[in-house]
Amino acid sequence: MKLERLVNIDRRIVYLCIAVGTTLPLLLPIGLPVSSTPPVRSLFEKVESLGPEDVVLLSFDYGPTTAPENTPMAEAILRHCFTRGIKVVVIALFPIGGVTMAGEVLANITPEYPQLQEGVDYAFLGYKDGAQAAMKQMGVAFVNVFPVDNGRRPLGEIPLMQRVVNYDDVDLIVTLSTNVIAEWWANLVNAQFGTPVAVGATAVSAPKYYAFLDSGQMIGLLGGLKGASEYERLVIDRYPHFARLYDRPGVYTAIKGMDAQTVDHAIIMAFILFGNTVHFLIRRRDRRAGLRDA
Amino acid sequence: MGRGEWTRRLAAGAAAAGLLHLCLAQRAAAADAAASWYDPQRVGAPLVVLLVFSALVLYFIHASRRGRALYIRRIAGIQAIEEAVGRATELGRKVLYLTGAGSIDDNQTIASLAVLRHVAGLTARYAVDLDVPGRDPLAFSAARETVQEAYLQAGRPDLFRSDTVHYVTYDQFAYTAAVTGIMVREKPAANFLIGAFQAESLLLAETGQSTGAIQIAGTAEVTQLPFFAVVCDYTLMGEELYAAGAYLSNEPAMLGSIKGQDFTKAVLILVILVGVLLEILGVHAIKDFMAIAG
Amino acid sequence: MFWKLRLPLALTFIVGLVPIVTFFLSTQAPVIGPAVQFARDRVERYMVIIAGFALLLGVVSVVQGSVRKIERRRPGWPFAASLLAGLVVMGAFGILSAMRVGPFQGLLTAPDGGMTPFFWMTRNLFNPLQAAMFSLLAFYIASAAFRAFRVRNVEATILLIAAFIVMAGRTPLGEYAFGWLPGGERWLPAVTDWIMTVPNAAAQRGVIIGAALGAASLSLRVILGIERSYLGTTEK
């Protein structure tokens, strides 16, 4: 009887262990090392190959729910682009909170680069509903989808957007996505217009995109918090001055978040091992009881 | 098989081969787009697959309508629908049906409405309460029409109440909070989670599991299938969801379309196998043909 | 019957066929080229407009349902009242901010660089609520994994082993596990990468292809008027 109680342990005990395992490492950072994987390195190398004459389209296709995973990706990629002088066009296609996420990230990052001018070095075009239709229309002209930018300036008056007319003028599209929008970028835009697409996806969605990565429809993939931490690591290793930004106490980064994720994974694995051990003991006990009765 | 049938099949095969030759010739010539009425970059694998697929589906719909018996394998989740509604009847508790996050333009939602019609018919017949909380406004309107029609056809229009199908909210997690609240407070005996689901899938399924409900899920979202498969009693995976409505309707045209899609899959499997073999031998014809250009 | 069935079916057929046909036609072709371009551009723009109206329909539905619940004092009616309050306040703040009326100057940052009221509410109310709900997934995944990953048969065992490898390989645990061996810190991440890029990708592709064919079959049934569940009727 005791074993049955162990295998059907109250789920609140599991919740408590996860709560402790998540909170403690965030309060008391462990500082576990992070190494990179090929899908992340691929995107990093692509951005490294771009320069001041090139344009990256950064699409905020996520909302507040996945901000802990996607925002570190956005910040690391923006820092990387701005450091290399790459021009960035920022849009949002996610209806619930995409534009506010974009605004927040730009508000956090742009003060680190006081020499940047909005409209010249980067443009924030805002949000557009109907993601698929918007994606197809941007292949014709950005102005068809965003007649004005987020600050209500006509696109014709924005110097950067005078030379970035459609996808032909974009060298890389990076979508930070929480759902199927990333797939649409690969299936609609990369397939039809040939512009390279990279995805920063949540950990839940990332397994689906390995197929796209393998077929070349995506040139890079950041999967969840791990992917974000890998990109941060690559950026810090390549540009050491970023280390002081990422080491600031009280500032959430993906590298710090990996401590909590690692502990949580360990807790889940421990519970699974525990459950299976008890399961085996029950089966062995029942087998022996069966033999005894026989 | 009669001579007429053979003649028809040969003619169809010859037409398909001729079309294939035309497409290959046009692509090989890389014709100037201005000179042709069709886009040679897009005419190729997409058109061939579309034509083969349509031809097979239409053929089997036609054959089914002419009385040919078509075998469709047993799908456990669909067989369990009546069992689930029966359980709700025995326990005197309601049936909860979720149509997912998609709007009416999402195929998964359309498939879900087809299953909802069947479930509503059963709940009308057994006089069991049905609760359909809506998330998307257009899908909610269609669901309302569907349930009302089903109750009418079952001869129990009196059982349909205005709050049988009610709108909750569009926001993902606000909807999840509302539905999990319904599950915990009202403890439905049977939960149907059929349609497009995102991150809320595990929250909904796990909460339903904790209340002891029998759960039948169905989605084509590959990222959410693992959660449903692990937590729910029955899961309709991918194409099984799309086949469910046709399966339940038992209409010849619907069953014919399932058969046609299965045959297309068989053709694609064959093409993949041949393609892999050719690639190993260094022949890239099929890979080049299947590549989609912009 | 015409308005409820025949007309919608006819519209579905035409509107469903247009994008398929225009996909293959050339926009440079004489005579039909401009028509193809028009059809491609306009149909997609109409989709954008319709998607916007759907939101309005949702708001009307929520208001109607909540007001009815409050009027009849149904169980949980205070929650309906709080829902309406939140809808009105957040909606009003958003609309006034977008129109830049009075103190509501913009959706994100105010002209003086501070947060607008709408942005303040988004950042301090909406975002934390969303994040809190999403965070429940961590707990639910743990309890689901504890309950589901049992060695019941061969397939379940393979699933369990793969899950262990990926859980460890996707964190620094994987590097520490065999890090004491020369080059060992790369083993588990390499195996994890192989699992994700080979068997996982293959399985995902299979499901994606099957689901795509299923969706195409359903689309064909809808376009041809065989599938009518979206109309709420099965009448012929």
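Note that the chains take the letters A, B and C in the order they are written out, and that residue 1 is the start of every chain.
In this section, contacts are C-beta pairs under 8 Å (C-beta built on N, C-alpha and C of every residue); 3 or more make two chains touch, one makes a residue touch a chain.
What you see is a predicted model; the values in this text were computed from it and never measured.
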Can the chain contact pattern be summarised as a line, a ring, a star, a complete graph, or none of these (other)?
complete
More C-beta pairs touching across which pair, A-C or A-B?
A-C
Indicate the whole-number Å distance between the mean C-alpha point of chain A and the mean C-alpha point of chain C.
16
Distance between the centres, which are taken as Cα means, of chain B and chain A, whole angstrom
30
Residues of chain A that touch two or more other chains: which are they?
11, 65-66, 207-208
For chain B, residues contacting two or more additional chains
173, 199, 222
Give me the residue numbers in chain C that touch at least two other chains, ranges are fine.
51, 55, 130, 133-134, 141, 143, 145, 204, 208
Any idea which chain C residues touch chain A in the complex?
40-41, 44-45, 47-49, 51-52, 55, 106-109, 119, 122-123, 126-127, 130-131, 133-134, 138-139, 141-143, 145-147, 149-151, 160, 163-164, 167-168, 170-173, 175, 185, 189, 193, 196-197, 200-201, 204-205, 208
What does chain B use to touch chain A in their complex?
171-173, 198-199, 210, 221-224, 292-294
Chain B touches which residues of chain A in the complex?
11, 65-66, 96, 178-180, 191-194, 202, 204-205, 207-208
As the complex stands, chain C meets chain B at residues 20, 23-30, 32, 51, 54-55, 57-58, 60-62, 64-65, 83, 129-130, 133-134, 136-137, 140-141, 143-145, 148, 204, 207-211, 213-222, 226-227, 229-234
Chain B residues within the chain C interface of the complex
33-34, 36-40, 42-43, 46-47, 50, 53-54, 57, 61, 103-104, 107-111, 113-114, 116-117, 134, 136-138, 140-142, 144-146, 148-149, 153, 163, 166-170, 173-174, 176-177, 199, 202-203, 206-207, 220, 222, 225, 227, 230-231, 237-243, 245-246, 249, 251, 253-254, 257-258, 260-261, 264-265, 268
